[in-house]
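The same chain A turns up in both complexes below, where it pairs with chain B and then with chain C.
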Partner chain A sequence: MAVEILKEKYRSQVREVVLGATSAEGGTRSHTIKVGGEAALPFLHFEGETPNRPVVAMEVWDIVPEDWPASLKAYFEDVYHDPAAWAKKCVEVYGADLIALRFKSADPDIKDSSAEDCIATLKKVLAAVGVPLIVYGCGKADKDNTIMGPLAEAAEGENLLLGVAEAENYKAVASAAMAYKHSIIAQSPIDINIAKQLNILISEMSTPLLDRIVIDPTIAALGYGLEYSYSIMERARFGALNGDRMLAMPMIGNVGNEVWVKKEASISAEEQPGWGDQAERSMAWEATTAMALLQAGMDILVMRHPRAVELIKEAIDDLMQDNSY
Partner chain B sequence: MIIIGERINGMFRDIANAIRERNPGPVQEWARKQEAMGAGYLDLNVGPAVADRVSAMKWLVEVTQEVTKLPLCLDSTDYDAIEAGLEVCKNPAMINSVPAVQEKMDRVFAMAAKYGAEVIGLAMNEAGIPKDAESRVALAMELVANCDAHGIPLDKLYIDPLALPANVGQAHGPEVFETLRQIKLLSDPPPKTTVGLSNISQGTKNRELLNRTFAVMAMACGLDSAICDACDEELVAAIATARILLNMDIYCDSYVDVFKNQNK
Partner chain C sequence: MGLTGLEIFKHLPKTNCKACGFPTCLAFAMALANGKASLDACPDVSEAAKEALSSASAPPIRLVKVGTGDNVVELGDETEIFRHDKRFNHPTAVAIVVNDTDDVAARLEAIDALTFERVGQQYKLEMVALVNASGDAGKFKTAVEAAVAKTAKNFVLVCEDAAAMEGALSAAAARKPLLYAANKDNYEKMTQLAMANGCALAVKAANLDELETLVEKIVALGHKDLVLDPGSRTTSKVIADMTQIRRLAVRKKFRTFGYPTIAFTSKEDEQAELLQAVAYIAKYTSVLVVKTAKKELLLPLLSWRANLFTDPQKPVAVEPGLHVIGDAGPDSPVYCTTNFSLTYYLVEGEVDATRIPSYIISVDTGGISVLTAYADNKFTAEKIAKAIKDLGMEDKVKHRKIVIPGAVAVLKGKLEDESGWEVIVGPRESSGIQKFAKAQFA
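The block that comes next holds the complex of A and B.
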């Protein structure tokens, strides 16, 4: 008797979001990148299509990242004084699919850079690489609200992925995305109800923005609550596949940002002999965190360590192999 | 729970006039309105007064699908009229309805198989509507067996346990709820369920309150859909809320709006 294979049937699929714009589309990128579109749980190709592979963005700061461990900084020593050269190295040497440019210098407690300073850097990075860009502020909402509009205007038509809109502060970024044709990161604090509500609030400003939202569900590093992120992402994805259009967006995670501030990433083997070599351990910490998130449905992984990036890109190659039957 | 919008029905004077004059305006307006309120299907009923039900049903289908992609629920006791409607439906439709009467089931399930349509099966037969849950379930089983015999997946069958007006058939209430629970045990996958919701409040004074209270109680017993007034704001809000409490939708502060806007 023939065995009937049980396959889960889903009603719906994740929206597709395009990042970047070529000259034909009003930008200057050499190519665009599509994310999302999944019609099944991650990599279950036998149940539904995964039309676009997950992508890896590498982080570039507009200041020297003093607090990164030396073992990580070593990979960027020749370029981290120059964001354009740094971005170029990430793309050309380390194979980054995208660049996530973080305007750390705008932080009032660091350098309090003006919007004009940030625009100059953004233009240099846009000129240095052809890949689509993700743009983050310094993380302090009051300041970020003053630079995001001008940055969006200066790069009108580039279809940047602008971060971040939050439930308490989404109007400035959403308006900038709307006015100058960019996409937007909607960030919620490991809370699926807020993630959904934020998407509704953004769509009330502009319905077409619904197809330009990427959800940042807020992720945690391995050992710091990764399980919570995982289950939130899984629930959102089940919702999307079962027809919840307000959660049917691709997802992005700030892997490097979470992992590299944890003590496991920086404490030396002399201090903690049981933990093993710091350089190897910290890289593995980032790769392992990213790997788990990939399995939960992450579409864009923002990472730092070139070797971790390489491992994850290899894993994506394997996971994207067709296993349908 | 899926809302099957009841408003395009020749029992309403504006629709009866529209059908008689072949004026698509009111039909299309109600189609748009019900869709905007979150209806998942639109019921089409030519009403009792129409001379030629076959051509009237065909016309209703054609003008309705000019303005909506929602699946249609063809509502008539005249199976020739339903077949005429099925022939012109662009999307798979639903047949409303067939009782557990053999020659009617033979005709309707064959027609459903041919057109890929879903079917509403009524838990009644020549003897009328049963008094208790047990007899309703027995008729439901006859519907399941006949549906299966025509090779139609059982989740395309919607069984209506038949709710009676609260003021005349009060004793039927608990029997209907019990029937809804038991129908889900009949097969795997189980058939779906539906009710003519407005029936529960016929001839009463608190129609909307009775309708929405019955709706959420029935949903807790597994009710999948109802033919009802999609433009009753409170009813739609109550259904959206019950879906949240039953963990069918993910909560967010604007969940009622999300439910209403699901077709957009």
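The block that comes next holds the complex of A and C.
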């Protein structure tokens, strides 16, 4: 007897987005990275192709990350005063597929760095590593709108992944991406309708940009609403496979950014004996969040802890193994 | 997935006798479909129709129980593929491996000591998997005896030698363990043991095809409390097999696979094992057997389980009341928000990040967010004033200032009248709290 395997027939697939550009393509990256393109639910290779494996970006700041727990900072102590060296270590020692450069210093409450300061840092990081780059501002829209354009211009042709466009504020980032040939992160607050609406708004500015959008559905950390993100992502991916073109983009999740501010990441075993060793627990918190998100279709994980990155890359190897019947 | 009224109607006697209390058989069928009536009310329904209707309305995945009394663990009875359609009913039961070659008492003592409390919830480890790693029947029985004496947790007895299983059962049958496992060679004896002792039986095969054959043979022997193991041990293959079993049971009503499942991690490294386990919980595993007993790895695993098995249709609430952030004292700021968990945790995270010890009052809004609760009269000046009073804030802090969410700035006047406190309107979004606190309290 043979069991009749149930394979779903989907009408469509996720768009493929290319990150970075080599010299032949107008940039200076040593290689490009493709994300997306799935024709099946996550890792169900028996019913459709997953042409590109999920990738891991490691976060690099342009200031010293004072607030990170010591157990995490220890990995970067020799480099975190220098974003270029930091990025190089992430790629060469920790195996990062991408670098996510975060311009924290631009925050008016921190250093209020100018666009010129940020450009200088960006150029150093571009020179230090060959992998494609993700570029985030400081997270305050008013300020980010003043630096994203100049950063995009300074790196024209590099096909950076620029973050972030939001429903209330997408034009500056989208125009910068259009003008200087970059891709963009479209971020929506755990809401599938807003995710879709935002992609429609961006496509109204430029249809070709649709192939250069990565959705950030806004993820929550393990224990802090992760299941909301998980279900929104499952619905978005299911929609994409069933023909919803405005949801058919690869997805990115800011895992490290969510996890490392939580109590579980920093509280010591002395204060919370039932929770075990802080160093291992915090690392596991990040890795667990990332693994859960992979099961819902995450394509790009932005992470911090080198061991969590290593574990997730190994898990991705396992998940990408053929399981067809 | 129940039958429609019309499908049920086909099986009814169509006499319209009204004995069931409904005017017609069709009306009765509609009531049955909605779960508002019981088939027993019909005096004329045939045995054949009863059989057809009860098997058709049975859940696509059988409910299987392991253990006894208050400790019983329910497995299966799932109806969905995606949790956003409707909640998953029974959280994955986690079993930690104890080998009969280990110091059983010491290992069990360590496992029993594992209790987890997070966000006001207790996370439980339901089971231990007692493994006949020695291959020796006498050793296995001794280990099982020791375990019965030592722990109240439920057992999975892992041993494919039927004679050794029989010996172990003589010590543990009263605890109604899950027997692992019947395979193609031992299934007759294992099924007999499971039936004689009223235990659930795991069925282990080399692949889905073999599993189908084996389940059918065991069901033919008369046992139905089964738990399925398709034999896969690599992450990708387990996900594929578990997905097939769930889909075939739920979507195709394929009865042979309509049972709970069991999965074993295969990674030796405990951290890598954790990630395998995370995937297996996400993908339809009913009983998950892990080797690690480390708190720092089990806490994230059990937190993930708690997340995944929440009801997606019900807002998740945190305990209403006073939450103390850091070493708060008489001069610390007092914030208030709702008890919708997403809102509360965002606020808590930001307040924590201000590094200023503070109090947060989460007002009981039935777990809904600030603006929704305001619109629904569940987040009102009266309620906040009452919370300030009931929580004894006047004794806890010297000042009389409370921060309210910017989105409900309109409550300021009324709340000042009601409470006598000065009301400071905070930022609209929690992301503004750090800057706000820096300006107000630093």
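The definition used in the following text is that the second predicted complex is superposed on the first by the 322 of 325 C-alpha atoms of A that agree within 3 Å, B and C clash if a C-alpha of one lies under 4 Å from a C-alpha of the other, contacts with A are read in each partner's own complex, and residues count from 1 in each chain.
In this text, contacts are C-beta pairs under 8 Å (C-beta built on N, C-alpha and C of every residue); 3 or more make two chains touch, one makes a residue touch a chain.
Bear in mind that the values here come from a model prediction, so they are computed numbers and not experimental data.
**Q** Based on the shared chain A superposition, would you classify chain B and chain C as clashing or fitting together?
**A** Verdict on chain A: chain B and chain C fit.
**Q** Who touches more of chain A, chain B or chain C?
**A** In the superposed model, C touches more residues of chain A.
**Q** With both complexes superposed on chain A, which partner does A:Lys124 reach: first (chain B), second (chain C), both or neither?
**A** The answer is neither, since A:Lys124 touches no partner chain.
**Q** For A:Ala287, using the defined touch cut-off, is the partner it touches chain B, chain C, both, or neither? Pick first, second, both or neither.
**A** After superposing on A, A:Ala287 lies in contact with chain C but is clear of chain B.
**Q** Quick one: classify A:Arg235 as touching chain B (first), chain C (second), both or neither.
**A** Once the two structures are laid over each other on A, A:Arg235 reaches both partners.
**Q** Rounded to the nearest 10 degrees, how wide is the angle at the Cα centre of chain A between the Cα centres of chain B and chain C?
**A** An angle of 80 degrees, rounded.
**Q** Would you check which partner chain A:Lys73 touches, where first means chain B only, second means chain C only, and both and neither mean what they say?
**A** neither
**Q** Shortest C-alpha to C-alpha distance from chain B to chain C once the two structures are superposed, in angstrom?
**A** 10
**Q** Identify the residues of chain A that lie in both the chain B contact region and the chain C contact region.
**A** Touching chain B in the first complex and chain C in the second, residues 235 of chain A appear in both lists.
**Q** Sort out for me which residues of chain B touch chain A in the complex.
**A** These residues of chain B touch chain A: 249-254, 257-258, 262, 264.
**Q** Residues of chain A touching chain C in their complex?
**A** Residues 1-6, 43-46, 67, 109, 139, 220, 222-228, 230-231, 234-235, 238, 261-264, 274-278, 280-281, 283-285, 287-288, 291-292, 294-296, 307, 311-312, 314-315, 318-323, 325.
**Q** Which stretch or stretches of chain A touch chain B in the complex?
**A** Residue positions touching the partner: 192-194, 196-197, 200, 207, 235-236, 239, 243-247.
**Q** Chain A touches which residues of chain C in the complex?
**A** Its residues touching chain A are 82-84, 115-119, 208-209, 211-213, 234-237, 239-240, 243-244, 247-248, 251-252, 257, 271-272, 274-276, 278-279, 282-283, 294-297, 299-301, 303-304, 306-308, 310, 312, 316, 341-342, 345, 349, 352-353, 431, 434-435, 438.
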